[in-house]
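Before I ask anything, let me first share the structure, which is written out below as structure tokens.
As written, the chains take the letters A, B and C, and residue 1 is the first residue of each chain.
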Amino acid sequence: MFEFIEYLTRGALVGVTYGLLAFPVSLLFSTTGSVDVALGAYAVLAAAVLYVIGGPLGVIVAIGVAVFASILVGLISLRLNRPGHIDHIIAVLGTFGLATFIESFILTVFGTNPMIRQPFSTFWDIGGIRVSPQMGINVVVCLAILSALFIVLQKTPFGRAMRASAVNPVGAALNGIPVKQIWFATYVLGGFLAGVAGVLILYTTGADYSTAFNLTIWGFGAAIIFGMHGPLRGFAGGLVIGIVQALSAGYLPGGWATAIPFIFIFVILSLGRMNQIAATGGRV
Amino acid sequence: MRSNTLSRFIPALIVVITIALITPVIAASPFWLDNSVLVAIFSLLALSVGMAYGQAGILSIAPAAFGAIGAYATAIVTARYGMSPLLGLVLALLLPTLLAYPMARAITRLSPLPLSIATILLSIVLEMAIREGGDFTGGYIGISGIPTLWFADSLFSMHILSWALVAGVIILYANLTVSATGRAVKTAKHDPLRATADGINVPALLAVYFALSSSVAGLAGWLYAHHLTYMGPDSLTMHVSIRIVLMAVIGGASTMLGPVLGAAFLTLITLYLPAAETQGMIFGAVLILVLLVAPNGALGTNWAKLFSKGRGRTAAKTANGKNVTGGAT
Amino acid sequence: MTVRAENVTVRFGGVTAVDNVSLTMERGQIVSIVGPNGSGKSTMFNAITGMVRTAAGSIQLDGARIDSRPPHRRIALGLARTFQTPRFDPQITVEEAVMCGFYPRKACSLFASMVRTPAASAEEKTFRERCGSILSDLRLAPFRDLQMSELPMGRVRLVEVARAVANDPKYILLDEPAAGLARDEQKMLAYEVRRLADQGVGVLLVEHNFNLIRELAEHVVVLKEGRMLLEGTPAEIASDRAFIDTYLGRAGQ
């Protein structure tokens, strides 16, 4: 039982970063109807840059690099899509190209070694469970960012415009809302959040070049578990994914431990959580 | 009627003529024969992307995974149990379909986007399963000593066989495209709601196309295993899938010959590319570039329209599908 | 032999788009729905074809309840529809667009289509011939090889009608088919719609042009804000005070 609670805690604490990745997934999907497969790659890129530079400067440069990469994707999607003619799949393909590029870039420059930094040598003892203070930092950073975003989305004109272009891009464009700029901003926001997630991941579980697609999958899974309606659901979804990972790593033999979380997301996908926008609702 | 009957056979005819012209030139060179077989195998894989992505709009990142299923199926029954490669062929065609159809049915409603994500998952899980498969899949070591095909045991006959298969697949594919089903899937790709009003069960039709495309990939995997006589966990990975998608997109995913052209182009280019780890950068960059310049690929783009001044704009507007020429005349 | 919608209610979130509307159309009869924009005409179409879910009420086709069946099954039973804003792939030709309408008539298996069995060839040939005759009925034959994007909107609507007719429907739902047509084209359309009805097809027509309705419809249902305002023959409707006030006064003649 104690073991179980320990896995639960560990998993939840790792899952916090997935919650951070889940937010851009759901925001982008509801705003543009597309998916940025390169999110995980931004995160790994940020982790790699910070691994090399280090320190507060490293953090800033790392997030900056992630944002830069997402700007590229934003520009590509601006070129390929416009209100009234949105080819989601082609935009996804573009992010695939970028993800492949970044992955190969990291492999070429940084090699196959895992990148991890553990700044804390002391541990907190919470009811017998050893927890790194880094975990505390993760939770605080994630909650702070997500709450800030929540307020921005609900209370500011920018947030309203963003939600309007999510519901009806053509209508929003007719009402003078710069839909394309909003889409662009959504991609870049995704890059920023992924960059932050990458920084936290470097200090927590570490990353290597091959983590990129996995991180995208975790973020994606976290986003769809409870439906794509806002950052807090994605945060909760992240916790669930983290816990599933920790539990399967704790209780299952080698291969299954890594496979089960993927299969879990597969099952969630087949429950059709992503399809609720379908044909109903609104004029045909 | 009109030119339809003929036009259905033209793509396959072009392939056959091209191969007939090339064969005498390369027949003496094992190096080029070997590459020709590889181009044919990748043509089949890229054609499978063309069917799923070009026709049905399902972006699959798993062509190599379905190919691996076909390759491992035949490798296991022939190399492990000494059974006929023809049984391997049946399995290579059947197993991917049996996996792809229920998978697509479970996940696809109207938008095929979630299915794309699921194909990434499939690739990752399959690679894991192959590594962890122990003696059955050969684990990290893979399966070597896969027999060559007794009816095509020389490089030359393998070259003929694989291109014959490509031509055959193209004929079937072209027939299907010019049929009620082929038109239906195009409608479903363009506008699922319109397709529904035409009486199409969109999710079921998309699943059928996805399953068909995966069995073509399985066929390619079968050829791959018997050509290289070795199959390992690193043979047909997700990175290969991305390269295959790139082949289809470069050539023109919605056309019959585009994927073949793309496969030939990329396979030959790869011969002269630097080390494997930097290839991803080149492929990634090229993919983005192609999407920006000619998202419909070399054979799918109306180049004349693109280059004629002013009309390019109209073409872009037309693709909009909204109020092209409003009002009555 | 009827399509019968009884007490149909459709809600989008908190908005009730159609509220307790009933409607019957017989085969061979032309029924028209009129009403201002946003009165629920198109939603009624969507409810009958299954593209929106009804919150209450029932929809029957030839006596069988169809309101829990998915759209493609309803189409297969002999329904066909057009869209108010035509939905089409701008890059296909007029002929291709109409050919798409034959899908529910397809009997050949996927495998037969792939190897092009004689049966599949014959089927494709029948479709092409039928397509040719539909196109010439609607006087679209000269445009068969044009791209959809090259047609004026009025003719695009006619192609939509042709596509719906291709299904050989028992009941056809036409959403403002005459909008944007020149007078002689309207006349031709009216003639074709009448001919469809004479062949035993039930026609449900959404239309703003009351002259056309008067010419065609045997029964008119007037909707306002999702509710049924009144119903009757075109002559009864045209002389109704409430109708003239809310509708005809502005958009009619």
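Keep in mind that, in the parts below, a residue touches a chain if its C-beta (ideal position, glycine included) is under 8 Å from a C-beta of that chain, and two chains touch if they have at least 3 such contacts.
Which protein is which chain? UniProt says A, B = Branched-chain amino acid ABC transporter permease; C = ABC transporter ATP-binding protein.
Quick caveat: nothing in here was measured; it's all calculated off a predicted structure.
S.K.: What is the chain whose Cα centre is as far as it gets from that of chain C?
M.R.: Relative to chain C, the chain with the farthest C-alpha centre is A.
S.K.: Nearest chain to the global Cα centroid?
M.R.: B
S.K.: Where the CA atoms of chain A average out and where those of chain B average out, how many Å apart are those spots?
M.R.: 30
S.K.: Centroid from C-alpha atoms only, then distance chain A to chain C, rounded to Å. What do you get?
M.R.: 45
S.K.: How many angstrom between the C-alpha centroids of chain C and chain B?
M.R.: Computed from C-alpha means, the inter-chain centre distance equals 39 Å.
S.K.: Got the chain B residues that touch at least 2 other chains?
M.R.: In chain B, residues 193, 196, 319-321 touch at least two other chains, as defined above.
S.K.: Can you list the chain A residues in contact with two or more other chains?
M.R.: 279, 284
S.K.: Would you please write down the residue numbers of chain C that are in contact with two or more other chains?
M.R.: 51, 83
S.K.: Residues of chain A touching chain B in their complex?
M.R.: 33-35, 37, 76, 79-80, 82, 84-85, 87-90, 92-94, 96-105, 107-108, 213-214, 216-217, 220, 254-255, 258-259, 262-263, 265-266, 269-270, 272, 274-275, 277-279, 284
S.K.: What part of chain B is in contact with chain C in the complex they form?
M.R.: Those in contact with chain C are residues 1, 8, 172-173, 175-176, 178-184, 186-187, 190-191, 193-194, 196-202, 208, 212, 318-321, 323-329.
S.K.: Would you tell me which residues of chain B are touching chain A in their complex?
M.R.: Within the complex, chain B touches chain A at residues 53, 57, 59, 61, 103, 106-107, 109-114, 116-118, 120-121, 124-125, 128-129, 131-132, 192-193, 196, 238-239, 242, 245-246, 249, 277-281, 283-288, 291-292, 295, 319-322.
S.K.: Would you mind writing out the residues of chain C in touch with chain B in their complex?
M.R.: Chain C reaches chain B through residues 49, 51, 70-72, 75-76, 80-81, 83, 87-92, 96, 99-106, 108, 110, 113-116, 120, 123-125, 127-128, 147, 149-154, 163, 167, 180-182.
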